[in-house]
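Here is the structure we will look at.
Which chain is which? They are A, B and C, in the order written, and residues in each are numbered from 1.
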Amino acid sequence: MPLDVEEAKKTILDFCESKSKSKSKFYFNDFTKLFPEAKAREVKKILTALVNEEKIVFWSSGSTTMYGLAGAGKQAAAEGE
Amino acid sequence: MAKHKTPLLDQLESGPWPSFVSDIKQEAESRAKNEKGLDYQIPADCPEDLLGVLELSFSDGETHWKHGGIVGVFGYGGGVIGRYCDQPEQFPGVAHFHTIRVAQPAGKFYTTKFLRDICDLWELRGSGLTNMHGATGDIVLLGTQTPQLEEIFFELTHNLNNDLGGSGSNLRTPAACMGKSRCEYACYDSQELCYNLTQEYQDELHRPAFPYKFKFKFDACPNGCVAAIARSDLSFLGTWRDNIRVDQEAVAAYVGGEIAPNAGAHAGRDWGKFDIVKEVVDLCPSKAISYEDGKLAINDKECVRCMHCINTMPRALRIGEDTGCSILCGAKAPILDGPQMGSLLVPFIEVNKDDDYQAIKDVVEGVWDWWMEEGKNRERIGETMKRLGFAALAKAAGVPIDARQVQEPRHNPYIFWKAEEVEGGWERSIDDFRKRHQR
Amino acid sequence: MAFISSGYNPEKPMENRITDIGPQHFTEFLQPVIKKNFGKWLYHEILEPGILKHVAESGDAVYTVRCGTARLMTVSHIREICDIADEWCDGYLRFTTRNNIEFMLEDEGKAKDLKKFLNSQKFPAGSLKFPVGGTGAGVTNIVHTQGWVHCHTPATDASGTVKATMDAVFDQFTDMKLPAPVRISMACCLNMCGAVHCSDIAILGIHRKPPIIDHKYLDNLCEIPLAVAACPTGAVRPSKVEVDGETYKTVAIKEERCMFCGNCYTMCPSLPLADKEGDGIALMVGGKVSNRMSKPAFSKVVVPFIPNNPPRWPEMTDVITRILNAYSEGANKYERLGDWATRIGWERFFEVCDLEFTEHLIDDFRDPAYYTWRQTTQFKW
């Protein structure tokens, strides 16, 4: 069963919102867990679409990359960017 | 007049080896003069401030850089590393000083046109400082500010026809040795395979979806000039299955002292006359070589293709003609459980451009699917392999089990048999058992 | 400064966007003689230090002049390299994996002239711009990381230690007097983004003090779950601390578990660990990646700590020179540093290199440690 794109986007955004009190950055596999039936590649397509819509942004430590809601998180402000 | 005094760094201007301090000073001077009348898009004196902050580290023994997260170009999860100086008032030119990784061409051959274009771009929009190259292989552009990132990416893709490299939990920029371009040892076209897989997996390179970083490196022979076996999650090492080609006349020329052994690599010292028995026959790790009556004989069935005899007599011995590559999996630096070398996954695979390297891609994708499913966050595939076992990896990669995959068989008999492997399965009746044994 | 647009429109980032194109195909950059003889090379020889000759089936020969560089280089320097390539090599050149530059010519005499020219080029303060060498049985250029120039977790500098080391072993770069090639690598913390773990000699920056916790600011700057998850040994846990009568959400660190890797600092800027007295260098030796004769091997720690002593780290270069000299005297032709040490025995290695063996050199980290202890009565007095 292929994912319903719009529904999957909402699931991801809702998940990020629901966690926003404790954390703003998520590993890729936090999202694959939301869709146990789907292949990782499908989930990635949804995330890429959300990135292109400017709703989700990447966060990188250089060695590790995470995903988060655009504008959320603590470090962005701290860096004055 | 230098902006900051750098008495410690100045001491690195003497001595024969090229001084990066002198080089940065010349860049600082060139930007101060600005003979071309450029409208520098980041502070013109950033090289001076870089020397300043480095001098501070040299005197206080601590770094003054912070790293940071949300910089990058739109839609990419890698290629840019955010950097900030922790003394921005003292060194405003490098207060924001991000790194950009630029994908290098396979084998690092260049035209001056391309390099000059990079220089022009980076002089205007960045610090003018680079690394040629980073440890993974990218061209590293060292130091620019956030508003320039998209502009640099736009010019790089539109004018230089070149993309960014990888960083983060991505496929990192793959790297190859110079291969067939200028090396007679190349068992396969390492550059073409590197280029092909780089293009095929652009999405994996730019949009992170792996548990952690993943590296490909391509060495066209077992000498390993790009250190694939030590440094890449999947290493592709050239090898062959048939016989080493022997030119007996050239062997005689080595023995007679007409040709210097090892291509002349030992010319700086008098090691005495070349002794083929001592220097080749006796050093063969599998004792597959003999030399009798002026003839060199190789028992190719016993040869482990270590390259020593070929390296020592390159004009007399050549690699075989039935060539391809071995694939090893799981190399990484020590964090956490200790360093790992790649483990031999596929002893031999044809490197076939005609079918677009399909057999190799099948292995790659099998390995990735498994790791993406099973790997923990920040776990390299070498660690996943150790946790779940080599056999699980081989199965996921669709690779047949082969005695060549181990140095020796296991030391413990704790074999986790599965029910379906055992005759009659595991379902047993206690009543039947009791018919044969009393309580 | 006026902002100069490249043509990028920030309102519409996807407009005219080119993505996913990778690097250019390498054949765009091959000079004609290389392209013509691609895959048809017969053999090579090293004519003299820094000059290689490759001969193809066609009878064509190409002469490569190899010179070292500091990998940290400026656009001014790259342009000078381009000027040389334009004048001597029709506008082509290549870089090696180990940060050397290779200029390729079709005429032997010109190659030798180019070597002379390159060796005569100096920076105003005296160092050479393009020293020719790095071939055969000698020391070639050092691969290294960023260090204090640009990294947030280094325990030492990279460019500085490399410059100091290459000055100290310069003769081994320009000559070919050693028993076999010696590959030196440098990484400025134990995350080893330079992957130095398989080098003949590895210079490694190490920290020795656990992070300082900036309790008052930690919760504002960091996401505590990420800092906790970043620790490879599970030494970081969430905690609360009272400072000046106020309670702060923060972390606690089990200091005896800290392996000083800096991963928590990467995730959380409120956990800095750099420290002048704590930081310094460990030296490792005996690794290799080639399959020649012996198997690829890991480097072993032979000096657990040398304090940072910039700008020239004399204690470090002294040890490196001592190891190289002992190896040069003791090893057989073709024998790599690690194979020599294994043959004579590591107990003998410490003796001939005049290095102290201490308890810190006995592995005590998890399973692999056992395999480094001695399970035999065979050893040397």
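By our rule, a residue touches a chain if its C-beta (ideal position, glycine included) is under 8 Å from a C-beta of that chain, and two chains touch if they have at least 3 such contacts.
The shown structure was predicted, so the numbers you read here are calculated from the model rather than taken from an experiment.
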Pair joined by the larger number of C-beta contacts - A-C, A-B: A-B
Centrality ranking, top chain (CA atoms only): B
Chain separated most widely from chain A, comparing mean CA positions: C
Geometric centre distance via CA averages, chain C-chain B, whole Å: 13
Rounded Å distance, chain A centre to chain C centre (Cα mean): 35
Separation of chain A from chain B, taking each centre as the mean of its C-alpha atoms, in whole Å: 30
Two or more partner chains touched - positions in chain A: 52, 61-63, 73, 75
Contacts with two or more other chains, residues of chain C listed in rising order: 14, 191, 193, 266, 269
Multi-chain contact sites of chain B, meaning residues that touch two or more partners: 67, 75-76, 203, 377-378
List of chain A residues in touch with chain B within their complex: 27-29, 32, 40-41, 43-44, 47-48, 51-52, 57-65, 73, 75-76, 79, 81
Contact footprint of chain A on chain B as seen in their complex: 67-72, 75-78, 80-82, 84, 96, 146, 167-170, 203, 207-213, 369, 372-373, 377-378
Of chain A, residues touching chain C in the complex: 22-25, 52, 61-63, 73-75, 78
Residue ranges of chain C in contact with chain A within the complex: 14, 191, 193, 220-223, 225-226, 266-267, 269
